Amino acid sequence: MPAYATNMRFKFPIVALTLEIITIILFAVFAVYDDGKGHGHDSHSNDTHHEEPPMKLYPMFQDVHVMIFIGFGFLMTFLKRYGFSSVGVNLLLAAFGLQWGLLMQGIWHLDNGKIKVNIFKMINADFSTATVLISFGAVLGKTSPVQLLIMTILEITIFSINEHLVASTLKASDVGASMIIHAYGAYFGLAVARVLYRPGLRDGHDNEGSVYHSDLFAMIGTVFLWMFWPSFNSAIAETPETQLNAVINTYLSLAACVLSAYAISSLVEHKGKLDMVGQLFPLIFTVTLFQEFKTKTNERTLAGGVAVGTCADMNIEPFGAMVIGFVAGIISTLGFKYLTPILASNLGIQDTCGVHNLHGMPGILGGLAGIVAVALGKKEGGEAAMQAAALASSLGFALVGGAVTGLIMKLPFWGQPPDQNCFDDSIYWEVPEEEDENEESLAHADHSKNKAEA
Amino acid sequence: MPAYATNMRFKFPIVALTLEIITIILFAVFAVYDDGKGHGHDSHSNDTHHEEPPMKLYPMFQDVHVMIFIGFGFLMTFLKRYGFSSVGVNLLLAAFGLQWGLLMQGIWHLDNGKIKVNIFKMINADFSTATVLISFGAVLGKTSPVQLLIMTILEITIFSINEHLVASTLKASDVGASMIIHAYGAYFGLAVARVLYRPGLRDGHDNEGSVYHSDLFAMIGTVFLWMFWPSFNSAIAETPETQLNAVINTYLSLAACVLSAYAISSLVEHKGKLDMVGQLFPLIFTVTLFQEFKTKTNERTLAGGVAVGTCADMNIEPFGAMVIGFVAGIISTLGFKYLTPILASNLGIQDTCGVHNLHGMPGILGGLAGIVAVALGKKEGGEAAMQAAALASSLGFALVGGAVTGLIMKLPFWGQPPDQNCFDDSIYWEVPEEEDENEESLAHADHSKNKAEA
Amino acid sequence: MPAYATNMRFKFPIVALTLEIITIILFAVFAVYDDGKGHGHDSHSNDTHHEEPPMKLYPMFQDVHVMIFIGFGFLMTFLKRYGFSSVGVNLLLAAFGLQWGLLMQGIWHLDNGKIKVNIFKMINADFSTATVLISFGAVLGKTSPVQLLIMTILEITIFSINEHLVASTLKASDVGASMIIHAYGAYFGLAVARVLYRPGLRDGHDNEGSVYHSDLFAMIGTVFLWMFWPSFNSAIAETPETQLNAVINTYLSLAACVLSAYAISSLVEHKGKLDMVGQLFPLIFTVTLFQEFKTKTNERTLAGGVAVGTCADMNIEPFGAMVIGFVAGIISTLGFKYLTPILASNLGIQDTCGVHNLHGMPGILGGLAGIVAVALGKKEGGEAAMQAAALASSLGFALVGGAVTGLIMKLPFWGQPPDQNCFDDSIYWEVPEEEDENEESLAHADHSKNKAEA
């Protein structure tokens, strides 16, 4: 059956090698080391970092890197037979995505026709990669590596167009993270999932669950994401003081979220038990909502002209961060329990990791909060409209871009797995034979059979 | 049977949400961002850090954070069916503990009526949390999340009283770590374990062992603790030079400890084999003893007036650190092998992770060493007595506080597990079904049965 | 059978304790804390770091430390029944190796008769330890802890002689890493493996494979190695600018390598599938090749006199780094697939982890590139010859030293495992009983037997 020709011997190498060769050629044309000198016409606020020691951001960069490769990678190992794909394909997509993101983001800010690679840009490349890994969560288990590479290149390309539009044309860049990473990544992935809808999986799939140790592997990812999120939110803050506030806000919000997520999980689950998977995700959720605070904090800094007095209320203070984390834990746990199943059954969106709760809703909330914040805090008329336009732009690019990408991914020659092979590593990976203790038990069973027959 | 009503549907959410809401209210009243300005009347030595860049300690903080959440969390996954609780409850307790610790430690050092949150205080909050995680090791597998939350709030509250007494009233703060964290945490936990003694577990429990992969998960925690302990011991050192010495001492001591712990393990174990679990803990042990060196080193710095000549012998030099690590590895391995079983059988203290060896004994040793060091190195009479008072205070608060806490935890409505459900995640967690390969083997066995019957 | 007296009760403790006691005595004689003052006659370029804040390199050090203990340790857990040894013996060897390395490297650069321990020297000690861990990969599963401790002390001792010869006598130190760490470690290990050749394992061994979760544990090691390699390559760079370039080169090369390694794996594996183990190693490989770039980059800095114009081609630029990574991914995947089996069958070298592909070949390539680079870029005659001599020295010390070490290790009283117990933790470790779910299935099978018999 040609639609399910899942042998990747030629498809995958051709696509992967072609993409990498194109990327290397583009790097040869555009990329140079950042020498720390001159910045041409580009007055983008990012450049304020250039006077600093070139390695200053490196520890923050490595924290973010751990989140991308260990955090996202192991978070998705909760599926019982999809760990190789979760970690291995996560590595593949992120390794390609960061190269492509460096190019796509850099292309809008050329300095004498060159992209000057530095740690700041490497952090931003990791951020662009995060959009793809969010979308990956929605289609996890139901797509081939070839399909996902295609998604990566399209999603990051469209991302960088939207980012540029939001930041440079609409001048609404600061509120970015929640809209341009989280809402964009989530709705892009959901649009792809909608186009790739599989009626055959309406009633679930045997492999779409976890086993004891797969959940423990997933905890490795979750805990690293949880611990390092303050770095993610503060890495590119403008001043050390702003950076400290972003760290404190994220740290306290995450701590408060743990309590409420666990409490609500116990309240709604069977016999008051805690649910490992149902708690993994709320912990991540709160974090996404945090993009908004970072935003607000940065905004205050950037909006220099705005009197501190008139927008003091925008300073959320530590307890404000905790309230948001607390509420986020509640919303996300409930969403994971009640909303994800509804999305699947009513809208035909099979969202493997529940990215709608994790990134979609909080992303939109962050965007709305940004509109309100700007409307209240700024004098000049029209800017709130720009914020609204930025949210609409992000959602529009996500939904249209995701739908188109989904249609391209649906073409029958990309090796999409048939329903029965979903959520199963062995279709794309050499999977080792069963555990030897199991072989022993099989042998034992055989032995008992023989004995019984005798 | 009401004493074992382990359904947590209402108990846990009520306790968790109530604690978090109270905490948020207290943060609203007391906590603000540290703006780096003025420090009021508080002349605590910690404030010498305030003139530094606000993010300077951040990489150290993240190392300590990894130790608390990955290190302690995964260290305790060695039990075969208690991994969700080890990592998940560790996260719950630490997330609550760090918030409560920030409040309780901050309340003694208010600046214009406010707690100014900064990275230095966040590191100290992680330290206060460590006391709870030490005690958690003693009662691991035999307590409900509700009981443990109660333990957390009481233990950190009493901890901060003792810390204040030791540091500000007795002026013996420097020798702190070994007494106020390790000895305190250990004896608090042992007192709780004594009160919660279970005669039914006198002969062990089927689940109180490890399986192959659970030991490997535990190695993740062990190795991260081992690697980052130099950060733990040096994070809040006063000067870069002191910090370097603390790093070198800890690093060398840990390295020497590995050799002696492995050697002694091989000497005392069955057929000269190495014991994974029996070695995990000694590696951690040495580290606790190190609090003492940090102490001594800091002391030299702080005790400014003391002539370098008269206390040169207090500078332990690299080889001194190695000797201590070497001896610590021997003591702890022997203690784990011979002392833990005696404690259980003779004193009725069922110490799941052997925290007496790991934290109790070295904590007391550190305290005694501090008394001797002060007696030899300082001129002013009476201070050694203060050191002794500090040790007595720490042990007193631990034993009395732990016993009272244990009595409160023993109240029948906190969902304590019955003996047969100890060391088993499935009483509090939704545990996924058995591994599919196992299902296959069961199917196979069934098949053989059918065949045999036919 | 005396040749296989694998009980380590006395052998191991005696060897381990003796080595550690000797080490501590040597530290007592030679090691002091670095006070940052004066550096005597030693004009080694490393000393340019001394004017910097003592803790500046600490975050880089911890990244390298994570690579040594988590990276190498978990990388080798891919074997189904050798995880305890992989992580546990890795910890043992590295903990001893870093102490011995500090001594052996320091002995050549005494400052007033003392080794002044600082973070820079600790990073170098981790590097010297890496040579042992590379060799460990070649003999993994076929050697006892006692044999490996002997290998550690001999390999690091010989390493430091060769390093000193290459750096100080031949003045070819910069090209070091690829030759003196990677090529040296690989060929040393291969020589040991050749001497310890086991005809009985010619056709493989039941335990010489992976299981599902063992491959996931190995991914933890792989991903940490992959992420932090930029730290490894840049940690001891001379200037922040050089450091940035080394980071960017390594980061981009690693990213490009992922794509080509996955693509080639899919091309050559059964049914176009990806191979987890076959990809783990290429990812590491590329990284080793990188030592060469670091080299070149440093060289440019050091070779001050060389006009930038004449050697501009030595500046590889970002795309150059990607090309090397891309090619390295291809070579290594093919080597792992086709060359490792040939080595085993034709040359009698049983190279468990394929270190020849990973470190041997790229190390030699790096050495050759160094010769060419120096020949083209430097005016003074004779230096290319020195480079060639350095490569020859490294290979010579590795092969002769490895062979002699192998012969010592082959002595019958070190507890080497018999063929049938290779790749099996249970010969040296207390291994917990089988997983309980398995016991259940056994019980079930027994039950079916009983029923059938009835």
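Going by the order they are written in, the chains are A, B and C; count residues from 1 in each one.
In this text, contacts are C-beta pairs under 8 Å (C-beta built on N, C-alpha and C of every residue); 3 or more make two chains touch, one makes a residue touch a chain.
Computed from a prediction, not measured in an experiment: that's the story for all the values here.
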When chain B is superposed on chain C by its C-alpha atoms, the rotation angle in degrees, nearest 5: 120
Interface residue identity across copies chain A, chain C - same or different by half: different
Distance from the mean Cα position of chain C to that of chain A, given in whole angstrom: 34
Residue list for chain C, restricted to those that touch at least two other chains: 59, 81, 213, 220, 434-435, 438, 441, 445, 448-449, 452
Touching residues on chain B, where the partner in the complex is chain A: 7-13, 16-17, 19-21, 23-25, 27-28, 31-36, 53-55, 58-59, 62, 65-66, 69-70, 73-74, 77, 81, 83-84, 87-88, 91-92, 95-96, 98-99, 117-119, 122, 145, 213, 217, 220, 428-438, 440-441, 444-445, 448-449, 451-452
Chain A contact footprint on chain C (complex, rising order): 59, 63, 80-81, 206-207, 209-216, 219-220, 223-224, 226-228, 231, 240-241, 243-245, 247-248, 251-252, 254-256, 258-260, 262-264, 266-267, 269-279, 317-319, 322-323, 326, 434-435, 438, 441-442, 445-446, 448-449, 452-453
